[in-house]
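Encoded as C-alpha cells, the structure appears first; notes follow it.
Each chain gets a letter, A, B, C, D and E, in the order it is written, and its residues are counted from 1.
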Amino acid sequence: MYRTLVGVGMFCGLLIAIVFQGTLPVIERNRAEALERAVFAVLPAASQRTTYALTPEGEFVSDTDAVGQRVHAGFDSDGRLIGVAIEASGMGYADTITVLYGYAPEQEAIVGIRVLTSKETPGLGDKIEKDAVFLENFVALDVRLDPSGETLQHRIVTVKRGQKTQPWQIDGITGATISAKAIGEILATSSERWVPIINEQLEQLVAGESDDES
Amino acid sequence: MSAKNKTLEIDTSPHIVSGASVEVIMRNVVFALVPVCIFSVYVFGLTALITLTAATLSCLLTEHVLCRWRGDRSTLGDWSVAITGILYGLTLPPALPVWMVVLGGVVAVGVGKFLFGGLGHNAFNPALIGRAFLQAAFPVSMTTWYPALGAERFAVLPPSTFTLPFASPVYDSISGATPLAVIKFDGDITAATDLLMGLTSGSTGETSGLLILAGGLYLIARKMMNWRIPVAIFATVFALSGVFYLIDPAAYPGPLFMLFSGGLMLGAVFMATDMVASPMTSFGCVLYGVLIGALVVVIRLWGGLPEGVMYAILFANAVSPHIDNLIQPRVYGTTERGAS
Amino acid sequence: MTSRNRKAVIGTDEFIKGIWRENPVFVQVLGMCPVLAVSNTAINALAMGLATAFVMLMSNTLVSTLRNFIPKQVRIATYILIIATFVTIVDYAIEAISLDLHKSLGAFISLIVVNCLILGRAEAFASKHRVRHAVLDALGMGIGFTLALLCLGGVRELLGDGALFGVAVFPDGFEPWIVMILPSGGFFTLAAWLLLINHMQQRKEAKTGRVQEVPR
Amino acid sequence: MSNLLHRYPSFRNGVHPPESKADTHALKIRQFPFSPVLVIPLSQHIGAPAVAVVREGEEVARGQLLARSDGFMSVPQHAPASGIVQRIDFVPSITGKMVPGIYLKPHPGSSQEVAEGEPCDLGTASPDDIIAAVQSAGIVGLGGAAFPTHVKLKPPEGKTVETLIINGIECEPYLTTDHRVMLEHTADIYMGIRYLLKATTAQRAIIGVEANKLDAADALRAAAPDDMPVTTGVVEVKYPQGAEKMLITALLGKEVPSGGLPVDVGTVVVNVATAAEIGRLLPHGRGIQERVVTITGPAVGRKGNYRIPIGTPLRFALEQVDVSDNVSRVFLGGPMMGQALSSLDIPITKGTSGFVAFTSAETAAEEPEYPCIRCAYCVDACPIYLNPSQLGILAKNEEFDRMADDHSLMDCFECGACSYVCPSHIPLVQRFRDAKAIVRERQAA
Amino acid sequence: MNEQTLWSVFVNAALVNNFVLAYFLGICPFLGVSAKIGTATRMGGAVMFVMLVSSVCAYAIHHLLILIGVPFLELIAFIAVIASTVQLVEMFIKKMSPTLFRALGIFLPLITTNCAILGLALFQTNRGYGLLQAIVYALGAGAGFTLALVLMAGIREKLELATMPDVVTGTASALIVAGILSLTFMGFAGLGA
C-alpha cells in the first residue's frame, strides 16, 4: 500500500527537483537583473556593480559565498566608485517597508532611493514610491559625517510638507505622514550605522574591482 | 339605549400605551442634531450646508428606492434614516466632493441598513459604515480638512465640493488640520477653548462639543438615550488618557484634549448610542462604553491613525451581541445571572 | 434528450458545467482564499486563475491515470502530494517568468495547495472518471474559476485603479476607490456578485414560475 | 417633590402609567339594584367548577347555597338574591365560550334578607376550621385572580408562614375598589386579618398600601387594634406593585424563587377586599353574594364604586351608570392586565374588580408596528428582569423552545409593562401569552 | 533575521494584519463555522492549537531542509509534516483528555488542510522569524482568527432573527459582514509598530 505512496513521492520529488534545477538559473538571472536595476536606480551614474559582504570582523569582502550583510558598490563605466547601495528596512504604517538607497561618499549624500517591499495603503502610503516632491528629497539628502567620523553631523528627519529648510530634512507627504516618517526613520537609522563604516573602508571599496556581470 | 347593541372593539392587554414611539424618539434625535448642523454651517459655511444636505438626501432617497424595490412601504416616516443621513453628513469633511458624499450615503443605507434587513436589524451603525467605506475608498479626500471660520466661507465654495462625479477633487492650497492630526504629526496642542467652542478644523459636525453635549442631555432628559454609554466612554477616555498624561505629559495629550478633540463627542453621544447596535442591559452598556473608550485611547495614542472613534464604535458594535449574550439580566427569583 | 445522444453530450457537459452551472466560485463558493486575496487586479486574477487551472488540470490527469493504483487508505495523502508537486512547479515557473508577478501573488501561489476546489475535484471526480473526462472537468472548472476571478479582479481593478489589465480605462482625473483593492473591497465585490447572481436566479425562477402557470 | 425626600420602598423596574383614579377614588361605595335576571356561572374561580344543588324552578333565598364546591380546589356559590332558578344551562363567559351556569330571576318584592349559616367563631375555631369556613363562604381572590383563598392559607408540608401580607396596592390605573374598601370597611379588614392570622399561624401581618392612597393608610393605622401584630406599609406608586411577588420584594426585600410560591419565602398574600369579605362573612357564616366594583372610564356617565350582586349582566350594569352611546371598548379589570370584552352579555363575577369603558375618542388610530429597535425600554420595565425585546424577536421567529429554555419565558406573568412602554408598538405580552401556551402544549405532549 | 519585537509580532498578526480579514486565510471555516458562537469559539481554540503546533513544525522543517540542501521540497514537507503531526497530536489528545477531544477534536482534521495553517508556515518562513517570534506569531494569528470568527458568529446569530432581503443569502450576508469587519479592523493599522 505504501509502496504506491512512496513511488508517487519519489516521482514528485524528482519532478520538482528537475523543475527547480531548470528554473533556477532563470530565476537567479531575473533576481540579479532586478537587483541591478534597483542598484542603478539609486545610483543613477553607475553602470557596474560589485556586491560586498560585511564580515563579522568589519571588513568588506567581495566573495559571493561570504556570510554577512551585503552592500552593493556601484561604479561608472570607468570603474570609478559612484556610491554604495544599501538595503534597509523598518516598520511602516501597515507592515515592514524595505528600501534600497544609494549613498554617494563624494557628495556625502543619499542620491537615490527605491522601495523594494511595502504594504502601505494604496493611494496614500504608497506615495512614498510615487510622489514626485517626496522623491525629490533623495536626489541629495545630506548625510555628512561629523568631524569625529563616528556619527552623522545631522540625523535625517522628516518635516511637514513645505517646511524643508535644511539638506538633511525630508519634505513629508500630506496625508501620508506616517509612511513618510517611516522612510525617514529607516534612512536615519541605517545611515547612522552604515555611513561611518563605509567611509572607514572607503579605500577598499574604491580599489575594489567591479566584476563584469552586466 | 343604543350602546348595548354596538359591536365592541377588542384588543389585547395592555389597553393603554405609554405614548413612546419609534417615530417620536427618532424625531427628537433629529431635533437634537439640528443645532449641531446649524453651528457647523456657521463654522464651515456653504460647503458644510451642501455636504449635510447631500448626505441626508442621498440616505433618504436610497432608503425610499430600496424599500420600493423590495415591494415594501417606504420607511421614511419613521425618521430613522433621517438620523442616519444627518449623522453621516456630520462625520464628513466639509469640503468633500458631493459625489463622494452621495456614494457614501448609498453605501450607508444600502449596505449598512437595507442588506441587514432594515430598521432594527442593522448590526452596525449605518452612518459609520458609510463613513468607513469612504475613509477606505478616498483616504486623501477624507483627511483633507477645510479650515474653520474662513473669511469667505459664505461666499465662495471650495473647488472640491462640485467635483465631477468619479473625478479626483482639487483642493485649495489652504487646508486645515484637525487638532488630533496636529498633535499626532506635529506634537502641537490646540487651545482648549477653541476645542470647546468647536472653532477648529474637522468633520462638519464633530467640532462643537458643547452643542453635542446639549443635544445629548436633551435626549437623556427625555429618556431617549442611554446615558450610561456616553458617560462610560467619557470616563474611560478621561481616566486612561489621564493616567498616561500623568506618566509623561510631554508624550501624551491631556485628558480634556482627548475628550473634546475629534469625533469623540459626536461619536459617544450620537453614534455609540444607536439603540439597535448597542447592548440592551445597563451593565452591558457600561461595558460597551468602556470598550469604546479604551479602543479610542489605544488607537489615538499608539495607532497609525489620528482618530479612532469610528473604528472603536464599529468594533464595539460587533462585540455588542456578545455583551448581550453574556450580560443578561438576572431573572427575578433566580440566583444565577441569565442563561447564555 | 434521448439516451442515444446522451453519451455524446456528457463530454461537453463535463466541460460546460464548471463554467456556469457549477461554477466553483459563484455557485459552490469554493477556494475563497485566493479568490479574495489576489483579485485586486485583473492580471493577478488571471495569473492566479491560470495557475490554479494548470494545477487542477495536471493533478486531475495524474489522479485519474493512477486511480486504479492508488490505495484507498492513502489516497488523500497521495492527492495532496501530487497537488503540492504541481504547485511547487507553478511557483518556480511564475518566478522564472516574472519576478514582479511572483511578488504580487506572494504566498498565495503556494497556497493553491490547500485550495479545497482542487482536492475536491481530485477526490470527487478525477478519482472516479476516465482521463478524458477528468481533463474536461478540470478545464471546465479551471476556466470557470478563472472567469470568476476575472469578474472580481476586473471590477476591483476598474474601480480601485481606474484601469483594466494595467491599462487606464477612465480618462485622467479619475479618483480611484482605493477600498476596492483593499481586503474589504474583496469581500464586498464578491458579495455584490453573489447578490447579483441571486437576484438573477430569483427573477428567472419567478419568470419560469409564471410561464408554467400559463398552460393551466 | 416629596418623593425625592422620602422614597417609599419598591421593587426594581416597572412602569408608571397615568393613575386615572381621580374620578372615583373619592366616591363612596353605593349599592346597586338587582337586574331582572342574574347570570351565575358555576366556575368563577380557578379550579373545579361548583356543582349545582338546586333544580330549575326552585325558589331560593338570598345567601342560600346554589352550588357546592367540587373538591379542595373549588368553592361553592351562594344565591346573590332571593328569587327563582329559571334555568340551569350554559351562560356567556369572558372567553367567548358558553359555560355551565344558573339563570336566577330575583323576586322584585322580596326583602332580600341574607340567609345566615353556621358562624365561624374566631375564639374556638382551629386553623383548619377557619380554612374550611373560608372555602364554604365561597371566597376567592377578589383582586382579580379569583384563586380560591382557602387553598393559599394552608401552607404545604414542611413550610411555615411567618408574614401575612394584605395587598391593598391596586396598582392598575382607574380601579379604586380596594381604596374604598380600605376607607369604608376598615373594621372588616382587621376582623379578616384576625381570621387569616389564625388560619395561617403567621407571626405578623403587613398591609401594603400604595403611596397614592395615603388616606387609606392613615385610616388603617388609626383603626389598628393594639392587640394585633399588624402594621401598614406604604410603597411607591408603580405598576405592577400589586403583583404578589413585587409586593413581597417591596415590603420584605425577599424574592420569591422562580417557579415558587410566596409561601417559599414564608409569606401569604391576600387581597385587602378578600380580607374584608372574610371579616364580614365568616362571623355570620354567610357566603359571597356581591362585591365592590369600580365602573369608570371616559365612556361612563356616573362613574363610581358600586356594590353589585354577583351575576349582574354587564349590559344592565352599564345601563345603570349611563354609559355613553359611542362606547367602543370595555375592559374587565384595569387597562393594563384587563381583558377587552367582545360582548356585554357576560355577568359580573367574584373576580371582577372593575370595568373601564372607553369611547372611540380614546381609541387612538391603530399605530403601525415597527421592528424592535432594541431600545431596552422593556428591559427596564420588566419587573422580573426578563429581556422582553429578545423574547419578542424570538417569538416573531417562532423560536418558542429557545424562549423558554434560554430566556425564562415561563416566569413571565403577563403584567404588560413591556407592551406598555414599547415604542415600536409590538404586542409583546400577547406574543408571550401565545408562546407560553405553545410551550405548555409541547411540554404536556 | 527579523527584529520585530514579540509584542509587535502579536499585535500585527492578531489585529493589524488579521489572517482572515486582511489576508483572507481560513475563509472556508470562517464562512462555514461562524453561524453559532459556541462552535466558533471551539473552532477558534482548535485553530490556535494547530497553528502553534504547525508553527513549531514549520520552523524545524525550514531549517532542516536548508541544512540538507533541498529547499524546493519545502511546500510538500510543510503539508506532509503538519498534517501528520496534527494527526498524532489528535490521537494523543484523544487518549489523554476525551473532554478536550470532544470540544476541539472534530475540527482538527478540517483545519489541517486549511490555508491559514499553511499560510502561517509560509509567512513566518518568508519573514524569517525566530522560533520565539514564530510561536508568538502563531498565537497572534490564532487569536486574530478566533476574534474574527467569534465576532462574525455573534453578528450572524443576530442576523438569523432578522428579516433580510431575499437576495441576501447565507454566503452573501457573511461576506458583507466580513467586509465591514475588515473595514473595522483597518482602524488598528499602525498599532504595534
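Just so we're on the same page, contacts are C-beta pairs under 8 Å (C-beta built on N, C-alpha and C of every residue); 3 or more make two chains touch, one makes a residue touch a chain.
Keep in mind the model is a prediction, meaning the values are calculated, not measured.
Common neighbours of subunit A and subunit E (chains touching each): B, C. If you take subunit A and subunit D together, the chains in touch with both are B, E.
Ranked by how close its mean Cα position lies to the mean of all protein Cα atoms, the top chain is B. Averaging Cα atoms per chain gives one point for each, and the point farthest from that of subunit A is the centre of D. Chain pair with the larger contact count among A-C and D-E is A-C, by C-beta pairs in contact. Centroid to centroid, with C-alpha atoms defining each point, subunit B and subunit C lie 41 Å apart. Work out the mean CA point of subunit C and of subunit E, and you get 23 Å between them.
Mean C-alpha positions place subunit C and subunit D at a centre distance of 71 Å. Computed from the mean C-alpha positions, the centre of subunit A lies at a distance of 46 Å from the centre of subunit B.
Among all residues of subunit B, those that touch two or more other chains are 111, 118, 120-121, 133, 136, 139, 304. Among the residues of subunit C, those in touch with two or more other chains are 77, 81, 84-85, 88, 92, 178-179, 182, 184-185, 188.
Shared interface positions of subunit E, i.e. residues touching 2 or more other chains, are given as 72-73, 76, 163, 168, 173, 176, 180, 183, 186, 189-190, 193.
Chains touching one another form the pairs A-B, A-C, A-E, B-C, B-D, B-E, C-E, D-E. Looking at the complex, you find that subunit D touches subunit B at residues 15, 17-18, 173, 245, 249, 255-260, 315, 318-319, 323-331, 335-344, 356, 358, 363, 367, 370-377, 379-380, 382-387, 389-390, 405-408, 411, 414, 416-417, 419-425, 427, 429-430, 433. On the subunit A side of its complex with subunit E, the touching residues are 12-13, 16-17, 20, 91-96, 121, 178. Put simply, subunit E touches subunit D in their complex at residues 160-161, 163. On the side of subunit A, the complex with subunit C involves touching residues 1-2, 4-5, 8-9, 12, 15-16, 19-20, 23-24, 26-27, 30-31, 34, 117, 121-124. Interface residues of subunit A, counted against subunit B in their complex, comprise 93-94, 121, 123-124, 160, 175, 177-178, 181.
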